[in-house]
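Look for chain A in each of the two complexes below; its partner is chain B in the first and chain C in the second.
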Partner chain A sequence: MIPTAVTSDPPEIPRLKGRGTPLREQFFRLSLWASLAIGVVFLAGLLTYVVVEGWPRLNPKLWTNFPDIIDPSNAGAQSAITGTIWVISFTALYCLPTGVLTAIYLEEYADRDRWWNRVVEINIQNLAAVPSIVYGILGLGVISRGLGFGQTVLTAALTLSLLVLPIVIISSREAIRAVPQSIRQASLSLGATQWQTIWRQVLPAAVPGMATGSILALSRAIGEAAPLLLLGGLTFITFNPTGVHSQFTVLPIQIFNWISQSRAEFTALASAAIVVLLVILLVMNSLAIWLRNHFTRRW
Partner chain B sequence: MTSRTLRRRAAAGTPGFLKRSQPRWTERVVKVLLVAAALVSVLTTVGIVVALIPPVVEFFGKVDLGEFITGTDWSPLFEPPHFGVLPLVTATLVVTVIALLVAVPLGLGAAVYLSEYAGHRVRGTFKPVLEVLAGIPTVVYGFFALKAITPFLQRFWPGDDPPEVFNALSAGFVMGIMIIPTIASLAEDSMAAVPRSLRDGAYALGSSRMQVSTRVVFPAALSGIVAAVVLGVSRAIGETMIVAIAAGGRPNLTFDPLEGMQTMTAFIAAAGIGDLPTGSTGYQTIFAVGLLLFAITLVMNLISIRLVRRYREVYE
Partner chain C sequence: MNIPRTPRRATARVSLAAALVVAAGACGGADAGSGDGGGDGLSGTIRVDGSSTVAPLSTAAAQLFQQRNPGVRITVGTSGTGGGFEKFCNGETEIADASRPITAEEQARCAEKGVGYEELRIANDGLSVVVSKDNDFVDCLTVEQLRRIWEPGSRIDNWNQVDPGFPDVELELFGPGTDSGTFDYFTQAVNGEEGASRTDYSPSEDDNVTVQGVSGSRGGLGYFGLSYYEENKDRLKLLRIDGGNGCVAPTGTTVQNGTYRPLSRPLLIYPSAAALDRKEVEAFVEYYVENNAGIARAAQFVPLSSAQEAELRQDLTRLREQHSP
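And now, the complex of A and B:
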């Protein structure tokens, strides 16, 4: 016979009743969410604003023409775009090798118990937070006027190199640190010298991380205007740079220049140039994220 | 046996003697190169000091230090010139305070949300957005403050006295938004470093999520959070383009955020644009104000680095 228990009602289980989420909790959660949302809304507003304002001027004239103070409808930003390319290329040329070599030294050679190595380390942390305009003063006082390089691509590239060097160093160090110690030990125990170990084992594994950090550092340099203002980058430039000793202007400076003009056409022009600048940064950042996701090895 | 005979036998290949391996010369060259690269960063600091000090010394040969610090009139390029730096300092202070009023609650709120409330997906969407905010050039923020925020404020201002075209309020507000990612990411890092067992213990005692966030995680991460805020302060003080564009270029000793005022950084930028001749007093003011700025931010950064160290020692 089938036990009757199956058909009978299940015994009453005593249940604990939750107090429900108190209003205070919900309010707290909402305000946390709102503080994140404000940033997102701001970003959306900013992007919409520059695209809408700049839309009428987002035409080929922007990169085929040169700045024109009299006729804004025909003005373009070619000298600024080529100037940006010149300055950033040389910035990369100076700061990437120096930054990566410093990172290798600090991670692979430096003895952390020595005071001079700690000095270098604290120094780099500090340099990372020095205001960019102070680098401008350094560029003006030492590189431009002290060494006599003048208001040139070379001065700008050196100044920006020093500005982003700490970022390159810090991110390269993290990439090197992510390579496990066992790889180095295996290489050394097979008779490789320290440099062979670094060159053939550590660096290839760390390159994706370094590349990501370097691209982010360079994109910071591309958007930087303050130090270049001090170097006299605001001079009205209607020609492309012809070499490292040529005068220059860059996109952020050109944008600043157009913002200072009161006519509405220049506001549109500034917006259009901002869109170009943001697209360049977007491409670089996407490249950095893609490199990070596709080439970083998990150990 | 003398070492010379040992070496001779070793060179002759006499059995029983292994040659002591010499470090290869390439290894030494490499090390020298690496040290040289590391020295660049030290030289940069030395360079900053060397760039700043001599013009500043010359400057204070002409201008009284007391007048510089306590003077209330800053007009170095007019005749007769006045060199009271106070208006620039108060302007920096006003803009910084506004920026912090925006950035500290929003940045910390975002950090607590991302660290304690958000699931994987929400984190995955919002963290990149914060990174984008951090990556936007400051000249763009300045443009938005001047051309969008200020007109908006002027139009919808509740009182009779709308903000001027150049004002500290919109510059400070936009700067605050700019600093959110700095504060949020550092604060979130320090909250992530709080051990899980502390949270679990609090939950086991019947705490709600809000109680865990505010009474357990927040205090445990406090030194890291303070470090984040200090770094935010130092970024606000050093920020140039936003204030140069949106806060105006008139030295103005006031605490009214609706007026235009010139900060220390904006003055340096404006004087730099002026392309002053080397050795003139005007040129030297750039360095005097620059040194003051450098000193203030250096102190802030040292405090921040120290605090970060301290919280790391506790939880790693």
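And now, the complex of A and C:
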């Protein structure tokens, strides 16, 4: 399953293309392009739509002001923007170390013949498919009420951590698995312990893959509204979080609330807030790409 | 009191008794912290949650109050009327927003947790039944016709089945989802049982989607709060409703005096008794009550009639005596 030899260059790819292209191949290529176009065209259409709709409200008031229900032209999303940043930072703080450590255990230490390791594995696969609202119910029942954390940034971050943990674990495992076995063997044969091998060889090599997966997981968390609505994410709040025990709102909830208002000005405001959310997402995703390119090692 | 199914006096008396019990029993779980600003410098956190219909009112009140009292932090959530009471009875909020009176079940829950409360009617809401602007054959529906359209298991899918006088036009139904207080209210008023509705319609938690759906379909029919009609007058046609005494259109007056039956309802807030003992909560509720007309207009609801207004003032006076912090 894993290449055993370390080659310096990828092998020459044989040229499969002959003279001229048969009709069937042209058709196949065309359908590939068409499939690609569907995604790209819809994304471009959506982006254009929200930018055009939100354009009149894409001014500094959007991030300097707080929600205002009486005068939509004066309303802003500052509490939602800071809330989003607070919640997502703490989500990263909780779920990344836990997820990465779980992945290391499962890939490097766990004995797959033991039933408990198999149970853990099946559980993680299944958890990744659980609808997000179910995590909201769990968060409300266990974290908010059971542990008594209330409707706070802490509860939201812990709930979102649980939500994206399976994604972090699965992508980190893939990244660790992609490190050639020969690297481990070489390290071990030179006298390194298992811990030294993991810490100095496997992890540095797996960082790009883990970073990409983690940031995609956090990108999903940042767009979640349903579980946080259930946890008591607020639709009107005029102060920024000051700590993990603060009340909060996040951009998706603010957007949801503005869209359901009856006045058209709020719809424009919602579009503008969507643009802000997209910008935050794009910044996170570019960071993921930069990390991948910066740390990628070729074997 | 013009609204039928609101045993308001009785509820108020029960809540008063509960309030007294709580006030005598303990100093309340005011964990959100009521700092002593002293004088006018009120401070503290007030959590409001509940009906998304009432939320615009509470939000407007909160916003105006905060401008005058920057030390007080008020948050408004929209868990729905049922969800709001759930949190309220669990002691997680200070005020519950509701688009229907508290149910016996919810009362029992609150009592069990020792949460006393007051009930205040702060505005009126009318449900509007709308069709498309292109619909030129319907002007008024009876409650009976509405019931036949919306009752569970209804097979009506053409306007000519509603009334033989209507043309052969396919009936397309739009309405709120089952979590909505509007859905609860409409099903109770029309079908006689809360939550009883046919299910093969296009539901949406976002009333703007219902507006889109109805306005785009000649045979479309939908219902939502009056403010959504006011905002989309140019795209929708408002139906008059015959509740037994002839066709009545929902207007400020007919909603206030209850002649627009049975689709007008009270909008209520329930401050908790323990919270009312805190200066900032009492000040907020007073502000809310005293400015109810302006707040209702700002949030585009039908303000109280003068009789309802008088009743509200009376409740407030009684509250002031009960809960002087």
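Just so we're on the same page, the second predicted complex is superposed on the first by the 254 of 299 C-alpha atoms of A that agree within 3 Å, B and C clash if a C-alpha of one lies under 4 Å from a C-alpha of the other, contacts with A are read in each partner's own complex, and residues count from 1 in each chain.
Here is the rule we use: a residue touches a chain if its C-beta (ideal position, glycine included) is under 8 Å from a C-beta of that chain, and two chains touch if they have at least 3 such contacts.
Being a predicted model, the structure only gives us computed values, none of them experimental.
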| item | value |
| --- | --- |
| Clash or fit (per the criteria above) of chain B with chain C on chain A | clash |
| Broader residue contact with chain A after superposition on the shared chain, chain B or chain C | B |
| Which superposed partner A:R145 touches (first chain B, second chain C, both, neither) | both |
| First, second, both or neither for A:W290, with chain B first and chain C second | neither |
| Which superposed partner A:I259 touches (first chain B, second chain C, both, neither) | both |
| Partner chain(s) touched by A:G232 [first = chain B, second = chain C, both, neither] | both |
| Chain B versus chain C as contact partner of A:Q247, first or second or both or neither | second |
| Listed stretches 132-140, 204-212, 258-266 or 312-320 of chain C, narrowed to the one that overlaps chain B | 204-212 |
| On chain A, the residue positions that both chain B and chain C contact, one per complex | 145, 229-230, 232, 234-235, 259-260, 267 |
| Touching residues (chain side chain B, partner chain A) in the complex | 23-24, 26-27, 30-31, 33-42, 44-45, 47-48, 50-52, 55, 105-110, 112-114, 117, 126, 129-130, 132-133, 135-144, 146-148, 177, 180-181, 208-210, 213-214, 231, 234-235, 237-241, 244-245, 265, 268-269, 272-273, 275, 278, 286-287, 290, 293-294, 297-298, 300-302, 304-305 |
| Touch list for chain A against partner chain B, complex | 21-22, 24-25, 28-29, 31-36, 38-40, 42-43, 45-46, 49-50, 53, 97-99, 101-102, 104-106, 109-110, 119-120, 122-127, 129-138, 140-142, 145-146, 162, 165-166, 169, 193-195, 216, 219-220, 222-226, 229-232, 234-235, 252, 255-256, 259-260, 267, 270-271, 274, 277-278, 281, 285 |
| Partner chain C, residues of chain A touching it in the complex | 67-70, 145, 150-151, 229-230, 232-239, 247, 257, 259-264, 267 |
| Residues of chain C that touch chain A when the two form their complex | 45, 47, 49, 52, 55-56, 58-60, 62-64, 66, 73-79, 87, 90, 92, 205-208, 227-228, 230-232, 298-300 |
